[in-house]
Amino acid sequence: MTVVPTTGTATPVAAPVKRRRLRFVANPKATVGLVILGFFALVAVIGPWIAPYDPSGRSNDLLQGPSAAHWFGTTHLGQDIFSQVLVGTRSVMVVGFVAGIVATILSILVGVTSGYLAGAGSEVLSALSNVFLVLPALPLMIIITSTLPETGTLTIALVIGLTSWAWGARVLRAQTLSLRGRDYVEAARATGEKSSRIILFEILPNLTAVIASGFVGTVIFAVTLEITLAFIGIGAGGDWNWGTVLYWAQSQQALAQGAWWWFVPAGLAIALLGTALSLVNFGIDEFVSPRLRGGGKTNVKTADGHTVRMRVGFTPVLATKARSEGRETP
Amino acid sequence: MSYLLKRIAFYLFTAWAAITINFFIPRVIPGDPVQALITRSRGQMTSEAVQSLYVLFGLDKDASLVEQYFTYLGQLLSGDLGLSFTYFPSPVSQVLGDGLPWTLGLVGITTVLGFLIGTALGTGIGWRRGSWADALIPVTTFVSSIPYFWLGLIAIALLTGPDSFFPASGAYDNGLVPNPDLQFIGSVLRHGILPAFTILISSMAGWILSMRNMMVTVASEDYVTVAHAKGLSDRRVMVSYAARNALLPNVSGFALSLGFIVGGTLLVEIVFSYPGLGLQLFQAVGAKDYPLMQGIFLIITLSVLLANFLADVAYLALDPRTRREG
Amino acid sequence: SNPGANSTNEGVLNVGMPNGPQTENNNPFLNTSAASSLGYRRLLFEPLAMVNETKPADKAKPWLATEWEWSDNFHKLSLTIRDGATWSDGKPLTAEDVAFTFELLKKNPGLNVDSVPYDTITASGSKVEVGFPRSQFVNQKKILEQLIVPKHIWSTIENPSTDTLKNPVGSGPYTLKTFTPQTVTLTVRDSYWQELPKVKEVRYTSYSDNNAQTTALATGAAEWSFVFIPNYEAVYTSKDPEHYKLYFPPVLGIHGLWFNTKVAPWDNAALRRAVNMVINRDDIFTQGEAGYFYPKVDNITGIPTPAGDSYIAPEFKSKIVNVDVDGAKKELAAAGFTFQGEKLVDPTGKPVTLKMTVPSGWSDYVTNLEIIKDNVSKIGIEATVDLPNADAWSKALDTGDFQAALHWTNNGPTPYDIYENIMNGALYKPIGEGGINGNYGRYENPEATALLNEYANAADDAARTAALHKIQQIHVRDMPVAITSAANAGGQYSTKNWVGWPDESNQYAPLQPTLENALDVVLHLKPAA
Amino acid sequence: MTTSTPPSASGTTEVVLEADGLTKHFPVRKRGRELLSRTARSVRAVEDVTLRLHRGRVTALVGESGSGKSTVARLLAQLYPQTAGSIRLRGEPVDAKGGRRFRAYSKRVQMIFQDPFASLNPVHTVRYHLTRALKIHGNAGKTPQELEEALAHLLTRVQLTPPERYVDKFPHELSGGQRQRVAIARALGADPEVLLADEPVSMLDVSIRLGVLNLLRDLKERLHLAILYITHDIASARYFADETFVMYAGRVVEGGDSETVTQRPAHPYTQLLIDSAPDPDRPAAQEKDGGTGEPPSLINPPTGCRFNPRCPYAMEVCARKVPPRFAIGDGDGHFAACWLYDAGLSDADKVKLRPVEGVS
Amino acid sequence: MTDAVLEIRGLNVDYGLGDEAVHAIRDVDLTLHRGEVLGLAGESGSGKSTLAYGLTRLLPPPGVITSGEVRYHPDGGDPVDVLRMTHPELRRFRWAETAIVFQGAMNSLNPVHRISTQLTDVIKAHDPRGSSASRLARARELLHLVGISADRLDSYPHQLSGGMRQRVMIGMALALEPKVVIMDEPTTALDVVVQRQILRQLVELRERLGFSVVFITHDLSLLVEFSDRIAIMYGGRIVEEAASADLYRDPLHPYSHGLLNSFPALRGPKRELTGIPGSPPDLRAMPAGCAFHPRCPHAMERCGVEVPVLGVPPEKNHTTHEGPADRTVACWLHPVHDHGL
């Protein structure tokens, strides 16, 4: 019997994980989403500095339409709506991201632990997240925020974060349950790894995409919630955000007064941010599950110039004759 | 069988936990219904009224939170939800009875419709991946990112008016009495169209997307390829092989969303002044009307649980793998 | 076909209120009932007399009582009950019913919203005698306004404070026709002790918010309402300038910036006076209150005019506060305040800042504070507007945990209610202690308290007038509240179908559909041409 | 190197790990009506398994899918607690449920998982996997250089040379055979005495299999490890194992020296297995009619010999009593748990359950 | 040999388009004769499944057939090119003429439909006029054919064992009595006992019904025992094709040789196992010339430059073989002596 060494001819596979990570950014949807998100993040940082006016500052231009001086027009107090939207971006982004981070951390703690541990502890945690899942978010938030004495941006963010982790926890638990049975987790255990290390180093890294998409989902949720709360008048008191702008527009019956400019910019900003976040999420989804990838071209040109669509069950045929350069048939 | 038993135990536990949370949260917070009532009236009610209101609402007697809790649980078990403060002394059950049908009618029907239409569209788009239909996805994403209330307000601003077919608020024409006659039903339908469309447009996108993604995933399953290989018609493969299986994961999502009807579309009810539970809840919160809040939360919780239970049952019916017999 | 439908709409008056869906509850004693919230209790039940709050000095109009007489320094009231009034079930209304109503209030403190201390109540013939343990001078209006209920019905009601009164029987000209959460319809009854109203049917619709109510007014779906409309010209009156009107007469109640007089530097009256001098009441009126909602109060005493004209002390009659930055600065300098650059510094050397609080959702209040914030910056005070939620705000006021807040006072037939609410030492609670019922500013002045007591218990008008004048002086000197606006009793109305509304030229009643005078207004209405 | 190593020639027969009467029942949740009954239901995955692993010898465990092979391996690795029976390592009873004791045990007994594609964490490099194995068991040395050397040594041992080329790679950059080698290297990182290899090649391509198996054999010979080789491919057991045990439905039905078991199978199930294995040298026509039927349910296994419902030679006694091991006597420790080899059966016991011929 | 039912000529299949494309099948020529079992062997990733799905046009996206011809000879009719069929034609052709048994039976059966539904809907699709009772009868018959009792008709796939599911699939493949049945690793997930049961049944059925089988597996010893002819694939090409016995006794291509020497034998003397060194090629970065040359013990200079042509090896053509060219190989050790095909 011969021991055949398999070394030497191993085909080196080119780029390491780097390329895999980059592929996410290469996804056009994710790119567009990230660019828009970056734009909003930038505005969140520099918004208050570049705002042409104090967003609460009154002027004598009462309720004026968009003009060179006031790009988005003014309010009934002569406040500059453009400045309000610019300054309001920070609160929106802070709430979105702080809530996202808090909820994500909680969902990881609850979800992964309850997924990995077996037995009563796991059941309790799972029941806990189910209870939180059953509690309706918006009404709960209305109650909680309307009862907190101080509802600054950060408070709102924390409250949203503390109440919206359940969905993520449920998804993570399911994922962890499936990962727990994976051979590499068992193998790590057989090697003698501690449970904590298994959770942190073997399971968590493999949940990155799920966590990321949960994070983005929570950000969308938190942003919408903050704006909604502000719109019905129980959001962050003193801070400007897009919801506050809309709240003022609504309480001053802007649309009835014909002051469309008071409503439209903030609404579009919300929709745009929401879209950007959704796009990032699609990007993550497609990254995780390659089947969803649009995969660039799906339409193929055949040799005789027709266009056919790739579809399951009917493989396109580009040319029905054997290729000439293949082999000559004498 | 044990599956259902286990689920039922789970539902009971969750219901209990949610009810308990619903009880405590409003109570650990500052403010009381009397203060809220006085504050809201902004001088239209004299400050002397405070004492009489405490007496009226029965808040002048001190009862510990725990005592109150057990009284509440006891009442709940006997089906008594207490008296509302906002509409004192109307029983909460009566208040809920006024709001629930509208919420179920408008929001319930549109949520179901949104799911059905969204799923149908998602099926088509997912099946014909790569065709023009894909262009719908970015559009629906954008539309679904618009908050409900904004869409509703714009719709009201653009489409309603003195001569418009669409009324701006309410559930039926003023002066009509709910009665199963043509005039009333016509009026209800007319009032429902705009809010219904708002909900449809915002909620459909999610279903389109998840169904499309599931279709794409399922379409590359072997059994779909086998169905093609069997020479079945395109329709049959799409409906009976791909969509039928792709639907399964959406069932539980749909159940959850059914439960969120009340909470989720509160804004639609506010914007369109639709006399449903959402609007009541909003008012109850403002008025510190614990009994009413609790009542509405109870309904929400029970409906989420019921929806989940139905989803479980539907799952049993739809996915034979969960049916373990023998 | 539909019992609520009225195809002709003729003889119908459409009233709207922005109060959200209602639950059937016709109990006239409860502020929470649909009957109170929409105001239709006023057309079902009647008071003893009709008091016109916009002209508080005028004598009340006799209604179910043809005569009334106070004696024993307002410790005793004798009423003569009208003959010929009937309940809507046909039974006659008697003095027994009136006495029963007072008994009911006495026995059920929960229903006695005004906390009137009823003592002895006797009825004989058409007379009712009511005794009180203390002078009821300041409560006259509240007692006469009391809606009277039939004894033969209410004596069978087990618990009057939790009864929703499904079949209301009253003495008013209307009866309940239909109730839906959205609309309540009243219809005129056959017999009434006065001439039957021209309005055959009154429809109360509850819109769920101000926007919906405004839209209803603008489209003519509602003809009478009471709602805050920003920029009312653009949104409302311009839609039909000929018919769409509003009338917002002031009454004797106010809104103003309350200072916490126990918190430095706001314990300094000079500083409070200075702030009062720089507040731009015109801006508040036009921008915050949309030019009509809470009428402007600019008399230095804070008494709304013209309703309170007759009560203002002669020396203040023409003292109008106009924005006077220089005057304010002088005032401050005299009190030892200095300026560091632009910044105002108090005598102890600390910069003066002002934190004003208002519930986050109250748009007009918030606007007013934004204006004041701007105004006080002219005298070097850096102000901030804090926007907690309504509960936290109530709590802050209750426990004195604030610097300044926009708030209101009670209103009443004389300015007493205003000052009593602001300055009564009996209401005083130290900072940190809750359960306060007025005097949110923690104003402590035994002299003021004594004067208020004197006013309430004085034996004759001269003593009262003297006391009130002294109270005004104290107010002007100490300025515990910088009064900016009057409480209103107004409303929006349309003359398209109905005329005869009260207005500037015919101020026979305030115009809020929920006030008692609503019945008087409806009785005045006539079909338009 | 030669094609086979006679077991007797491997010199040492020192027992390293032994299991006696090893039993594992997985509880199954009760359903519906059973809630009322008191008997607990369970999957009787492994029943009364006794085997010994010797230093420097490969012991094969063969049997069809679901017969309990992996469960035996996991029990031996103490990844599951056993329901009954005992495990002894070098004669000392093993009880390694908890953390520290489990670590100490896992240092000496290591397991290699079936699927090389799944047993390495896709997010970690080869270096991470191996470093952990070394560190946990204190073989990493003190300095970074020592660690580096230890890594290189490990990789060289599994013939992933030069080590630098592999040490920083991610699993997805390696071929199946290379991954399996990394998995083996990880197990070696603990410097164990026993290697439990659970179907180490079943997921690999035919051309790669051989390399991994040769490596295992090499380890046995150079490091004198005791190796448990689990497979369902009985032919590979013949080639690579010194001893072979055959499992059927949770029980060991036959065992002995590999060549004897594969060439002269004694138990009817082993015979069926060997008849069923593809054999290019056998013309299709010559085929015997093999057994029919399906493997039994492990929740309600057949009484007596678990193979009796499928066995063409089944007798009365087979359905009643569990057969003990009977020595066959034609090879090194060859035994079969089958009543056919009991000389002392009564006539009543010998009554056939079914007619031998005409099994359809 | 009998005449051809299926002729594949110059088939090329890519995954993806343009530069990204992976050439999974390269210039494959293959003929399936009437009534024979043609084995397709080769290691994982060599393109066996791609070939099977390609010739029925069932490749999932992004698979495309870039060129080639698949000629099907119906009984008595003119040959048709499967690759030129329109979708409706293709639908009619499928299952009625060629049926496929897919790799994993668990995934081939829709878990949410009963066995009966899945058996009858294919009959209904091709013969909509039949009554549902007759279809059900046929389904019962099919189950009986593959040795499953008819009361299993109402079962769901998960209620059947792996072997039973595989049999159901085989039964389903025979529902319309096709001329060609393609089986992609139909028994890999099963244990040897069940595997043998199924294959035995298949052999019986083929004798009775007379269809041809393309049998795909990487278990060469199984193929040698069960098939008439074997084609060996490597790197997307067919490298050798011969009668089973010939291939077993005398493999010409070094890869076939290596493959045969990788299996331990259960019986007979212990052979020396050499295995195949190295690892399978990466389809994205195929070596130039013969794809096997980096692993080939006999590699010559020419092998790294020129792709060897599949053809009749000279020694077979001129010396021992009886009949016309019944074996081909693509290797420069056996340079083609081309007679045409």
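Labels for the chains are A, B, C, D and E, by order of writing; each one numbers its residues from 1.
Quick note on the criterion: contacts are C-beta pairs under 8 Å (C-beta built on N, C-alpha and C of every residue); 3 or more make two chains touch, one makes a residue touch a chain.
The chain lineup, named per UniProt: A, B = Peptide/nickel transport system permease protein; D, E = Peptide/nickel transport system ATP-binding protein.
Everything numeric here is computed off the predicted structure, so don't read it as measured data.
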Contacts common to chain C and chain E (chain labels): A, B
Result of counting contacting C-beta pairs for A-B and A-C, higher pair: A-B
Rounded Å distance between chain B and chain D, as computed from the means of their C-alpha atoms: 56
Centroid distance [mean C-alpha coordinates] between chain E and chain A, Å: 46
Where chain B and chain C are represented by their mean Cα positions, the distance between them in whole Å: 39
For chain C paired with chain D, centre-to-centre distance based on mean C-alpha positions, whole Å: 90
Junction residues of chain D - those touching two or more other chains: 3-4, 175, 177-178, 208, 210-211, 214
Residues of chain E touching at least two other chains: 53, 58, 60, 87, 90, 272-275, 277, 279
Residue list for chain C, restricted to those that touch at least two other chains: 215, 218, 390-392, 395
Residue ranges of chain E in contact with chain D within the complex: 43-44, 161, 163, 191-197, 200, 203, 218-222, 224-226, 248, 258-259, 262-268, 270-277, 279-280
Chain B to chain E touching residues, read off their complex: 220-223, 225-234, 236, 240-241, 244-245, 248, 318-321
Of all residues in chain D, those that touch chain A in their complex: 1-4, 77, 79, 99, 102-103, 106-107, 110-111, 113-115, 118-124, 132-133, 136-137, 159-161, 165, 168-170, 172-175, 177-178, 183, 186-187, 189-190, 208, 210-211, 214-215, 217-218
Sites on chain C touched by chain B in the complex: 1-6, 14, 20-25, 27, 30-34, 109-115, 161-164, 178, 180-183, 185, 203, 205, 207-209, 212, 215-216, 218-221, 253, 255, 359, 390-395, 398, 408-411, 421, 437-438, 487, 514
Contacting residues of chain A [partner chain C, same complex]: 56, 58, 62-63, 76-77, 145-151, 232-235, 237-238, 247-248, 250-253, 256-258
